[in-house]
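Structure first, then comments.
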Amino acid sequence: MAKSPFLKNTWYAALLSSDLSEDLFSRRILDIPILFYRNQDGAPIAMHDRCPHRFAPLSMGKKQDNCVVCPYHGLKFDESGKCVENPHGSGQISEKAKVRSFPLIERHGFIWIWMGDLPADESALNRHDQLDKGHPNGIAHTYMHRQCNYELITDNVMDLSHVDHLHGEIISTRGQLSPLIPNLVEKNGDISVRWEYEQTPAILILDPFLPKPGIGGKHFIEVTWSKPSHIQLTIGATQDENPILDYDHTVAQYDLHTCTPETENSTHYFFATRRNHLEEDADYNAMKIKAMHDAFEQEDGPILDAIQGLMETNDFLAMDPALISSDMGPIKVRRTLKKLIEAEQ
Amino acid sequence: MAKSPFLKNTWYAALLSSDLSEDLFSRRILDIPILFYRNQDGAPIAMHDRCPHRFAPLSMGKKQDNCVVCPYHGLKFDESGKCVENPHGSGQISEKAKVRSFPLIERHGFIWIWMGDLPADESALNRHDQLDKGHPNGIAHTYMHRQCNYELITDNVMDLSHVDHLHGEIISTRGQLSPLIPNLVEKNGDISVRWEYEQTPAILILDPFLPKPGIGGKHFIEVTWSKPSHIQLTIGATQDENPILDYDHTVAQYDLHTCTPETENSTHYFFATRRNHLEEDADYNAMKIKAMHDAFEQEDGPILDAIQGLMETNDFLAMDPALISSDMGPIKVRRTLKKLIEAEQ
Amino acid sequence: MAKSPFLKNTWYAALLSSDLSEDLFSRRILDIPILFYRNQDGAPIAMHDRCPHRFAPLSMGKKQDNCVVCPYHGLKFDESGKCVENPHGSGQISEKAKVRSFPLIERHGFIWIWMGDLPADESALNRHDQLDKGHPNGIAHTYMHRQCNYELITDNVMDLSHVDHLHGEIISTRGQLSPLIPNLVEKNGDISVRWEYEQTPAILILDPFLPKPGIGGKHFIEVTWSKPSHIQLTIGATQDENPILDYDHTVAQYDLHTCTPETENSTHYFFATRRNHLEEDADYNAMKIKAMHDAFEQEDGPILDAIQGLMETNDFLAMDPALISSDMGPIKVRRTLKKLIEAEQ
């Protein structure tokens, strides 16, 4: 097996649940083209999007019951990738006529894929049950595609010190975040950074939902990376005198950012956000996910793509960067992931 | 000389006769840019499309009598590629001022080119005189360009088991072809596969011309590859009780498919079709060639381009494919061609 | 330091003076992205267009007084590239937080940049004071971008024997130039070629300004290359009996062509032209620069780009060209530049 630049025996988000139907859908993941579809029970299926006969993309073929039929010579494969029909000659099926299938888990509105050769380990996929708690109008998902290496995106989310510089008024911390050195905690292989601070007014995405808008409040942001590239971010604000700074005791949102390499230099970026206020308002929900999607697409995204074009290597640390205090989180993540990839090979 | 991925001392179709006039025309063949034009006698001329002085494309220059004048400094070359005029200094002509010319044969509506360093061997170009017999409205030619290696196209024509899977109603064998294992014959270096079968109704491109349309008949298809990438295909149907299954004794068409590498991953694909029915009908002729052109462009072509994108190497057998019985023909062709290329180097 | 295909300790034109304002401007030079802007005194500034922290392009950031602020995390750099503000943590500034700046000279309507590691040597930039003498409507500048190696352009200007072949009526020498073998002079590292000849009528760009248009005259053209890729061209015509063939004693123009590698295969091409006739006519000036710009863009440019596509290497001499007498100048230039580049490494 050739050296991979990616961690393979792990879970990646492959697509939004809402993006998969019984229709054939092709997406490249870790530089391998994958065919996805739902079977008649609604269960998601994934296999190599390449017929083992003449290497045609199965996604250009058609569904037949729970099977997929190759567009070129009509070989039929069941949902495990096993060839179940060869319409040619005596109909004998070659031992080689097998398509590699990939284990999937559908959870929290995403379909997760295991790309490695070791048996899929369901327990290795972190739970984010908070996403599923509450009114259905209190959660939204989105998908973005970027022309940059996925670690540039995890860097971006692990180090929020950019928010006051890159983003607009709506998520400004009024300069409060940058001077702080976040608290870093490692636990069970996960890496968290946490900031606590006051700002006036409160961050505008939360301010209207505080008891007294406009007068500011205490804030916390906690960001936790789990291998290979999942980042859970909670942000909350409160006006309590002796506040408990967590999701349940503040006006808060609980977000999941997860990045999946398409190739070494392009990324599938998935995002979900759950909130504990105005949970039933479908219009607000739609506006909120659109605003977050647009902020990334229009503000972070173009910078990250441009950085990709200016880096001679994806090994960021090899480029001898001038680090700042808030790089602590992303650098710890990069070093941890690098060790995991090296250990796997 | 560097290793070439192509057989060089052989004939390739370079262009349709009808595509060449006295105007300069440039086409890349075996990854070499070639200038084509007709001289005042109508004879086709081919030479390297690159001035030996400063490497400008001669095709951007102009014709002068039977010569071509370089657009940059006006060096003039005759149809053998010899420099016959240098308007600079004393007008002396450097020994190096020669453009490589390429032998051509014009035959069957195509212009064929010899790309090798050995003397061109006219006898090495197979004759397809059947193409020239009959009414001029009984033959048509077309040209297509594809973003795939040429052997993917010869595979496609040598193994017709795909027709019932990839193509529409009009050339369906109603499932009769796939179960058959074709008869393979090697003769004088050529490789033929032949199928004989019955179908009802007869294949729709021939059915209307049988004595009793709609009731089916006996069919044969014979496909013969000649090096490096010429494939002659005859298909016929008859309702005779004791039929002779050849072009002369059936309602039939005689086709020539020939592929010329533009680069390793792109191909000039030429096609001619002669028929022995409704020979004088110009409208039918035009409709027929358009339908065949479109079938390839819209049905085979996109699959072959997609396959190219999914293959890590053009050495198909190195990818350990799951072969089926009808691959016999194309695999024999690939192995034969590979040996010829290796022998040449 | 890796081998560079370019001479580095020398001056290149970076941009037209008129193209630079206080706004941030990015241009790739010798394959390095450079940020340009003017400070509040109007002085031009150049630095690596890449933040040393996370490699974002500074040109996507914003100006603040004479400084530039990185768009991603707000690090601020002064015009020398020194980091003067880090809004993060304690605000400490890493030793590595330096952006490489590049020496500039603004002269003759161009901004010149020194890309090497040795100290910039102002005396190494040839003066072309003739450009600045006379009425402001007697000079014009233009900028062009081409997809070819810069030496193909210097070849083009050093060998004017192409003008009667590639260009239109307006700069035709009526076939007089090509037969001449120009006089080549080397002096202080510069290389000049000079032609003197008569033509009737005089070259059309000068003919209307001679005492008796239409009857021809004596002409001279002198072209001088200075390292690395600056070419000064003077052309003049006169009807004097015993003429002195220089700019001051003929109807003449004094041009500067200068080429700057963007990458190995693309070039920034700058041009200025000064004339000693109809100097005050702004409309004529605008027409003249447009005509010269268009001649290059439409006549030389497409040929040079096509040549680039047909050359297997940028080492022209390694391709064993069939040289002609007028190649003397460009070949001397290529050999001289090659030695300078080798000596530098």
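For reference, chains read A, B and C in written order, and residue numbers begin at 1 within each chain.
The definition used in the following text is that a residue touches a chain if its C-beta (ideal position, glycine included) is under 8 Å from a C-beta of that chain, and two chains touch if they have at least 3 such contacts.
Treat the numbers as computed from the prediction; the structure is a model and nothing was measured.
**Student:** Taking only the C-alpha atoms, how many degrees of rotation bring chain B onto chain C, rounded to the nearest 5?
**Tutor:** 120
**Student:** Taking all residue numbers used at the chain A/chain B interface, answer same if over half belong to both copies and different if under half do.
**Tutor:** Copies use mostly different positions to touch.
**Student:** At what distance in angstrom does the C-alpha mean of chain B lie from that of chain A?
**Tutor:** Their C-alpha centroids are separated by 49 Å.
**Student:** Please set out, as single numbers or ranges, the residues of chain A touching at least two other chains.
**Tutor:** Expected reply: no residues.
**Student:** Along chain B, where are the residues that touch chain A in the complex?
**Tutor:** 155, 161-162, 164-166, 175, 178-181, 302-303, 306-307, 310-311, 319-326
**Student:** What residues of chain B sit close enough to touch chain C in their complex?
**Tutor:** 33, 49-50, 52-57, 60, 69-75, 83, 86-92, 94-98
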